[in-house]
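Below, each structure is written out as C-alpha cells.
Two complexes come next, and they have one chain in common, chain A, joined by chain B in the first and chain C in the second.
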Partner chain A sequence: MSLSEVRLAPVSLQQIIAKQYLYKLKGHSGLVFILVVIQMLSILFSLGTRSSMSSSNEFLQVIVNSYSGEIFLIFSFIWMVVVASFLVSQPYQSIEFSVVNNRVTSHLSNILLIFTYAAFAGITSTLMAIPQRVLILMTLEESEFLFGGLQIVPGDLLLGSLVAFLYLLLFGATAYFIQTISLSLSKKLGIILWITLFAFGFGFIRIFAFQIGNLLNFYFRESSLGLFVGKVIGSIILLFGLSILISQRTEVKR
Partner chain B sequence: MMDINPKLNKRNKWKNNLLVAGVYFGVLVLLALFAPYLDQSKGFQSPNANGKELLAEAPSNWSGDGWEYHLPEGGRFEDRDGVYKNGTLTYKVEEVNAPQLKIRNIGYTGYEQIYMERKASADGVIEVNTYVAPHYVRTADGKSIDYTKLVAPPRISLEEGILKIEASATDASLDRQRIAFKNFSDNFTVSQFHPEPRNLNEGSSMVMGARGILIRIPSDLEIFDEDASQFSWVNPS
Partner chain C sequence: MSEIEGLHLTKAYGELHAIQDLSFSIEANTITGLIGRNGAGKTTLLKMIAGHLRPTRGELKVFDQRPFDNLVIAGNTIFVNDSMTFPESFTLQNILKEVATFYPNWNQSIAQGLFDYFQLNPHQCHSNLSKGSKSTFQAVIGIASRCPLTLMDEPTTGMDSAVRKDFYRALLKDYIEYPRTVILSSHLLGELEDILEDILLLDQGTKKLQMSTLDMKQYALGFRGNAQAIEALLRGHLRGDTPEEGILRREEFAKGSLYVVVKAENLAVGYERIRRQDVEVMPIALDDLCNYLTAKTKGGIDDVFKRG
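Presenting the complex of A and B:
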C-alpha cells in the first residue's frame, strides 16, 4: 500500500472532543486529588464558627456558636478558579500537542472538563457538611448543647449541590475567560480584568447617582431558583463563547 | 523516549488519583443516604443528659430589658412567674455547733439578694433555697432558648456555725460557669432560595436574670448580729 492510498478514518467532532476530554481527565487527575485533600483538610477549618455571640459576667459565660459548611464551598471555588486558569495556561496546554487538536475542540474538551470538575466539587463540597456536623456532634462537651438537630434534609443537599455546581461553573467560566484574554490578547488586560472583577464583584458600584451594588449580588441575591439557573447558564454561555471566539480570532496572530 | 508532558510520566498515577476521588465521592454519597436517619430532632443534644432536659424553649416575645428578669424585693421570690428554684439544702440546728449562726459570702457569687426568714415553729431545720429569674437567649436565626434551669446554684456549706456561700464554677480556668449553645445553619447555596421573613427588631440577644437566696431558720435560732449587712429579713406577708 503506497502512501497515497492511506486514508484517514473519518472522525467526528464529538469523538475528538471525547478523546481529548478523557485524555485531559487522566492527565490532570492530580487536580481532582488536590481538591480531595483540600476538602479533607478544610474540615479542620470548618470547626471554626460561622457566627458567634457571647455574653458573660463574673459568674456566667454564655456562648452561641453557629456552624455551616460554607468553608468547603469557598475552598472549592478558589480551587476551581485556579484550575480553570491553569487549563488555559501555556504549560497545561502542552498536553494537547500529542493529540489531534484545534482551538475549538481544545476549548470544548476543556469546558467539558470544567463541567466535570464543577459537578464533582459541587456535590462533594455540599456533602462534606455531613461529616462536619457529625464530628461537631461527637465532640460536644458537658457544658455544650446542640440545638435544632443536624438539619440534614435530602432536598437541601440536592439543592445545595446543584447551586454549588452552578456557582463553580460560573467561577470556572469567569477564570477561563480572563485567562483566555490574558493568553490571546494581552497579559495586562487580563490583570486589569482580574482587578476589575474583584473590585466590582465584592465592592459597591456607584456610577454618578446610580447605585448598582456589587456584581456578585446579581447572582447571590437571586431568590428564584429558575431565574438563578437562567442567569448562571446565560453567563457561562457568554463567557465560554467569548473565550472560544477570542482565541479563534487571535489564532492567526499568534 | 521521553514523554512530552512530564505529568503523564507516571502512567498509573491517574488511576490512583481517580480511584481516590471515586472512593471519596462514593463515601460521601453513602453518608448522604444515611443522613436522613441521623438525629434531626428539634430538641437539644449533649453528653450532659440531665442538662439537656433542663433546657426549654423561651417565650418568643421576651425583651432583654424587662423588669421580670429581676427578683421581687422582700424575699417572696416564688411569687413571680418564671422564677426557678435551682437549689435546696437543709441543715439540722445541731450542725451549727455554735451559739449563733453566722452568714459569710465568699467572693462574688452573683446571688446578690439574700433574705432571711424566721419560721413560725422551732422545727430544728435550717432551709437554704436558691432562686434564679429567667435566663434567655435568642439566636440569630430566631430560636429562643430558656436556660434558667441550667444556672448553677452557689456552693453552700455549714462549717462551725458559719453558713458559707461561694461561687460555683463549672469551668475552672474561667472561674465561672460556662454554657455553650451550638447550631447549624444552611449554606448560602440553600438559604439564598429559602429567605426567612425575620422581624428586624429581633436580633440575637441574651438576658441573664437575677439570683437570690432565701434562708429559713427555726424560730429559736439566733443570728450573729454583725452579719445583718449580709442579708435582709423577709417582709412579713
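Presenting the complex of A and C:
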C-alpha cells in the first residue's frame, strides 16, 4: 500500500467540478445582477429604436412604427464577452485557486458557468419582448394600435431563446479562448487576437475591393437551423478544447 | 516516512534562480519552519509544493506524487498566504460556510470557535479587512480545514503580538489533536521556535541547513569577553583546518572586547572549561543563529561602517 493511499482523502474530479461550479455561481452572483440591470436599461433604449414607414393619400394616413428587440441581444452579447473574459482573468483565477482546484476542474466548471449564464441571458433577453410590448402598449396614442396585441407565439420565444443561447455560447467561448491565450501564452497575443476578432468579425477592414470581415457571416447567414446549431456546437467544442489544451502547463499566479 | 521530497529542485524565472539545486525531505506529521531572508525562495518552494508552480528542473514529490496541477494533492492541501482571495459578494460567515465544502476534514466547531474568539465580524467583506484581520481569518481557515498538508506562508503578517501568540497556540493544540504535516514560513523564528519540530533554513535558493529545533539550539555558542582572551581561545580550542571555518560571527562590541559565535562541533573542549578563562559563554537564539548563518559577512552590518 503506498503512502498516498493511507494518508490521502480520495478526490473526485466530478465532485470538485460541481463544488467549484456552485462556489463560483454563488460568489459571482453580482455578474448576473449586472445583466438584469443592463436589460432593464435596454428596454428604454429599445423604445428609441423605432423606425417609421408612412404612406398617405388625401383622406388617409398610415404610419407603421416598428420596434426591434436586437438591442437586448446586443447588450447580452457584450455582457457575455465581458463575463467570459473575467472568468479567466487574474483576480477571478485567484479566487478559484484559493480553494481546491486544478486546471481541468477550473475550465470545466467555468464552461458549466458559461452555459448557465448563456441560458439565463438567452431566455431573459428573449422574454424582454414581453415588457417591451407592454411598454409600447402603454405609450400608444389615440388612433394607434399594437399589431398582434400582447400575444407572442410561444414557439417564437423558444426558438428565439435557443438561437440567442447559441450565439451567447459562441461569444462566450470566443472571449474565453482569447483570454486563456492571454493568460497562458502572452498578453500581447491576446490583444492582437481581440483586434483581429473585431476586424474579421464585424468587417471594418477592407483590402482593396475585398471585404475580409465576413467571418461571422459563417454563422449569421446560415438559414438552416440544424446546420447553424452544428456550426456553433462545433466551434465552441473547438474553442473550449483548445483553451484546456493551451493552459495545461500554465502556473497559478495567486 | 517522508511526505515531501525534493531532489535537485530548481525553479528559475528567466535568469533568476529562485530555488537552486535544493534537495530536502520533510517527514509526515511534523511542523516544519521554513526560514530564510527575504528572497531566499520560501514562497517559491511553498508554491511548488502546493502545485501552483512547476519545477524548472529536478524532482519534487508530495505524497509520492508530482504536485503540479495535481488534483489529489490539491484536494489534500491548503495553502494559506496573503494573496488568498474570496468572492466579493461573500461575507466572512459565507466564506467559512462555502470553503468548508471543499475540505472533507473541515471542523466547523473549531472554525466557529476561533472566528468568535478573534472577534471577526461575520458580516464583513474579506476585501475590507485590515491586514492583521485578513491574516487571522485565513489562519482560521488554515487550521479548521485540517488538511493532511497545511502550508502557511507568513501567516502572522500584520497580526498583533497577542493574536500571534494565540494563533501559535491554537495551531499547536489542533495539531496535537489532529496530527498533519504543517510547513510554516516566517521571519519571526523567535516566536515560532516553541512549536517547530524541524527547521529548514534556506539561503539564496539553496538549503543552508535542516535539523530539528532541539539540535539547532545546540548548534552554536557565543563567547564574549576581552579580545585577547577570545583570540587565545579561538587559537587553542578550535578544530578544523582553519579556525575561521568554525566561526559564524565576529563582532567588536566595545573597544578591546570581542563577541564571537562558534559552531559547537568545532569546539575541542567543553564550554565549562572555557567559562573559567574569564570569557562569558552564552547560548544563541535561533533567530540570531539563522541570521548569522545566512549573513554575507561575518561582521554583519558593522562591516559597512568599518573604515580604513
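Please note the rule applied: the second predicted complex is superposed on the first by the 204 of 254 C-alpha atoms of A that agree within 3 Å, B and C clash if a C-alpha of one lies under 4 Å from a C-alpha of the other, contacts with A are read in each partner's own complex, and residues count from 1 in each chain.
Quick note on the criterion: a contact is a pair of C-beta atoms (placed from the backbone, for glycine too) under 8 Å apart; a residue touches a chain by one contact, two chains touch by 3 or more.
Predicted, not measured: the structure shown is a model, and the values here were computed from it.
Enquirer: Should A:11 be classified as contacting the first partner (chain B), the second (chain C), both, or neither?
Expert: second
Enquirer: Per the contact definition in the header, classify A:32: touching chain B only (first), chain C only (second), both, or neither.
Expert: first
Enquirer: Which holds for A:226: it touches chain B only (first), chain C only (second), both, or neither?
Expert: neither
Enquirer: Residues of chain A touched by chain B versus by chain C: which partner has the larger set?
Expert: B
Enquirer: Should A:249 be classified as contacting the first partner (chain B), the second (chain C), both, or neither?
Expert: second
Enquirer: For A:123, select first, second, both or neither according to whether it touches chain B, chain C, the two together, or no partner.
Expert: Touch status of A:123: first partner only.
Enquirer: Contacts for A:104 in the overlay, against chain B (first) and chain C (second): which applies, first, second, both or neither?
Expert: Only chain C; A:104 stays clear of chain B.
Enquirer: Residue by residue on chain A, keep only those touching chain B in one complex and chain C in the other, then list them.
Expert: In chain A, positions 26-30, 94-95, 97-98 sit in both the chain B and chain C interfaces.
Enquirer: Of all residues in chain C, which touch chain A in the complex?
Expert: Contact set of chain C toward chain A: 1, 3, 28, 47, 51-54, 63-65, 69-72, 74-76, 81, 83-90, 94, 98-99, 101-105, 148.
Enquirer: Which positions of chain A touch chain C when the two form their complex?
Expert: 2-4, 7-9, 11, 13, 16, 19, 22-24, 26-30, 91, 94-95, 97-105, 248-249, 251-254
Enquirer: What residues of chain B sit close enough to touch chain A in their complex?
Expert: For chain B paired with chain A, touching residues are 4-5, 7-8, 13-14, 17-18, 20-21, 24-25, 28-29, 31-32, 35-36, 38-48, 51-52, 55, 108-110, 135, 137, 139-141, 143, 145, 147, 151, 167-171, 174, 176-190, 192-193, 195, 204, 206, 208.
Enquirer: Going by the contact rule at the top, pick out the chain A residues touching chain B in the complex.
Expert: Residues in contact with chain B: 25-30, 32-33, 35-36, 40, 50-51, 53, 55-70, 73, 94-95, 97-98, 120, 123-124, 126-131, 133-134, 136-137, 140-154, 156-157, 159-160, 163-164, 167, 220-225, 228.
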